[in-house]
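Shared chain: chain A. Partners: chain B in the first complex, chain C in the second.
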Partner chain A sequence: MSFDHLMKHANDIQAKAIRNAKIDQVKNAPPVYPDGIEGYYSYIPSMFEPFSQMPDPASYDHMIGNMDKSMANLCTLSGVDPFDKDHTCMINTDMSLGATDMSDWNGKAANLFKERFVEPFPKYSQNQFTLVATVKSGLLAYQAKWAAARRDIDELAHSVENALDLTGTQMFPDKNKWEIQFTVLASITAVGAAILALGTPPTSPVGALALTAIGAYAQTRAVDAPPDLPEKRTLQGETAYQITNEMTEALNKINQTIDAADEKIAAGFARTLQDITDSRRHLIANRPALADQSSTEIRGYDGLGPPQ
Partner chain B sequence: MSTLAERLDSIRVRATVPGTEIGAELRHSGELTVTFGPSVYDWLDERNLEHFMAILFRLLLAEWVRAHRAALPDEFRAALGPDDQQERDYLAARDTLEATGASADGRVTISAVGLENFTVRLTPGSVRELREQKFVERTREAFRAFLDDQNTKISELKYRFFT
Partner chain C sequence: MPDQGEALGVDIFHLYKTAKNLREVAVIYRDSARLLSLSESSWLANAGESRSRPHPVAPEWETACAETTKVLEDTARNLDDTAHALDRTADDYAATDQAAAAEYKRLREADV
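Let's look at the complex of A and B:
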């Protein structure tokens, strides 16, 4: 990927800017350089340097893989990853606890335990599957954000170098201008909410509960609303001075889009945290009463003991 | 993968005056080569040669501009075409730009208004006095001088409008 050569691009841009600026100067184009041409353009590599340190999107693969493994374990009712169209799990049949199990355990405690804990267990597990999918979706958003940032900075560097090549040795008859795109914000989006399976106890509210998420636009199965379109901008310049000024503004803009994307993703995670709090009783079963019985109670009919 | 500079350097365009065996090749560097079919040059007089050369250069430069636009990277091709009045004003001014160049001995003079309207003037007797090879050399010189002049003037025009 050309991004790996970003610092080489930066050095080439610096060299070509200096070369062009000298030609511009001979032709009496503005500006005047009070500290000399080399001194003026020495900022260019350090301007690109932070961008060359951006995280590799692939560095998220391991964490995402761990999420997928968790989801494979939690998957009791549906293997469809609500936020990642490339991911489907096999139903984990090891998690299927059915009414036929524990069939020789009867009585009041048994019935209550089966009704409140055993029977809804797959739904709790499935809801945790959905929860993990939601967290994973945020990771996909981070990954998409960095991939888009790399693409944008790489394209900008290429286009600036092209602009310097086109104005270097001769002037072409057309005005020197080119289009770039800012794709970071368009790479992430609020994705369709994932509906939770409602579990018993009967105190569950009516109506669907959902976990909302922020995710990668390209990965999601369905979005509620179209994402922001990539923002286009036309850059222009006949002189090295003009071209590098456009470059600086565009770099600042890319920075802004990365920060804005971070805010969106952070807000997405904050919403997830709120959703977890609100939906807690659908994500985790209440502690069975049996677990807190005294040694006397557990031997009684309310516990594991025989009927009177 | 070649850089843009390398791709531009390798540009070569050709043109032929329709119905004749008079042709030319122009490189990105501005180096011109004119070619005549067998005996064609010997049978031409100045008036006809001036006329054919003017057509040849118009076609050649149109090809040169087309080839350079085609060599543009995608992001530049996407931005072609005037966006505002200032750019339209520049194009109008460019279309009336006068540029000229002559061979050192003054025998061949090439002028243009804008990018298309060429005039070629040969001093009387040139065709008789110059062998085909010499004529081609003088024409190359004159075209080089013309391109340098046009380049300088386009440069100035661009700085005037866009800086």
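Let's look at the complex of A and C:
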């Protein structure tokens, strides 16, 4: 991968386009350059410059690492990361309410606390593990998007430079065609993970409970639907003018795929937000009444009840 | 007949143990929430690095991250507040029964 040298490629493309255009002129190939050949092809580096500023996918590693640490805290039943096949957690034995002993206290709030907070606690925590994994999947999607965009722009730059080299050395070049791929949209995909049904009755949901998002296709363990396939395009051209026109269209296409990926990720997380709202009682237990009772109330039958 | 004296001391010691467990787990939840917040703020800073081509921030992702952080923080707060209520109740009972208070103190000192 020579993405770090993208601007050098851009400058080389400009130089070779100028070189070839001068040869094309000798052959009376169109177009005519009213402002001169050098002036016409001066736009090339500035077209590549924004792409050279794309975020480094590795810059997401630290943030993803923080998400992994957060998940490690919450892992109570299963350490399988549903959206990242390179990541598995150990069960966190510190994440336990096993030391609670409320057997002496049987008031109304005490019994509800035991039944609806303590007993189902591992399942709530595991659902929160899945929730954090869902948010993390968005980071994986952005990371995959930028990696794919860098790959596509690098491949395009190389292919354009090769095309200029090939046709520039021939006085009467053969038909010149080459193929490139747009892989950004294929790098991300819809993901979904089941969460445990919990909460106050009725607990049985209609249909399966799931959190959905957009994640990285290469990372996810199982996909609900395959992503868009990489889009292939055949470019062609024998003159500098034709080749650089193809190059411009392809650059615009890469731009479009990046924007489309952003929209897909945003739409995916709009669904995630709805899932969080719909599933909230399965993601967090109701606040124990004990937490808000007065000193008198908590010692009564509606609170902890008489000590026994 | 509700427990009194030493038996009550044991009962309120159990409240103390429960409160201690709840607080320990609340610490873990706050750490999880902190790590999520760190990721969110780092990502927003990273997203702005592209000077020539503004990288759009996805408010939907940001909100999902914030909502998730809130779930963890709310859980931590519920654990802490419940722990506080249990501790307060244990102290209230100990204040009214000397024998209970003595047994409660002995058990706490042994629970190190």
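One rule holds for everything that comes next: the second predicted complex is superposed on the first by the 268 of 308 C-alpha atoms of A that agree within 3 Å, B and C clash if a C-alpha of one lies under 4 Å from a C-alpha of the other, contacts with A are read in each partner's own complex, and residues count from 1 in each chain.
Assume a contact is a pair of C-beta atoms (placed from the backbone, for glycine too) under 8 Å apart; a residue touches a chain by one contact, two chains touch by 3 or more.
Treat the numbers as computed from the prediction; the structure is a model and nothing was measured.
Under the clash rule set out above, the superposition-derived model of chain A with chain B and chain C shows the two partners fitting side by side. Of the two partner chains placed around the shared chain by superposition, neither chain B nor chain C is touched by A:Lys108. In the superposition on chain A, contact of A:Lys22 is made with neither chain B nor chain C. By the touch criterion stated above, A:Asp165 is placed in contact with chain B alone, chain C being left untouched. Within the superposed three-chain model, A:Pro173 lies in touch with chain B and out of touch with chain C [touch as defined at top]. When the two complexes are overlaid on their common chain A, residue A:Gln53 makes contact with chain C while staying clear of chain B. Vertex at the C-alpha centre of chain A, arms toward the centres of chain B and chain C: the angle is 160 degrees, rounded to a multiple of 10. Annotation for chain A, partner touching more residues between chain B and chain C: C. Per the superposed model, the minimal spacing between any CA atom of chain B and any CA atom of chain C is 28 Å.
Listing the residues of chain B that touch chain A in their complex gives 3-5, 8, 65, 68-69, 72-73, 75-76, 78-80, 82-83, 87, 90, 94, 115, 151-152, 154-156, 158-159, 162-163. The part of chain A that touches chain B in the complex is made up of residues 27-30, 155, 158-159, 161-163, 165-166, 168, 170-180, 234, 236-239, 242. Listed in rising order, the residues of chain C touching chain A in the complex are 2-3, 7-8, 10-12, 14-15, 17-18, 20-22, 24-25, 28-29, 31-33, 35-36, 38-39, 42-43, 46-47, 49-53, 55-56, 58-61, 63-65, 67-68, 71-72, 74-75, 78, 81-82, 84-86, 88-89, 92-93. By the touch rule above, chain A contacts chain C in their complex via residues 49-55, 59-60, 62-64, 66-67, 69-70, 73-74, 92, 94-105, 113, 117, 124, 128, 131-132, 134-135, 138-139, 142, 213, 262, 265-270, 272-273, 276, 280, 283-285, 287-288, 290-293, 295, 298-299, 304, 306-308.
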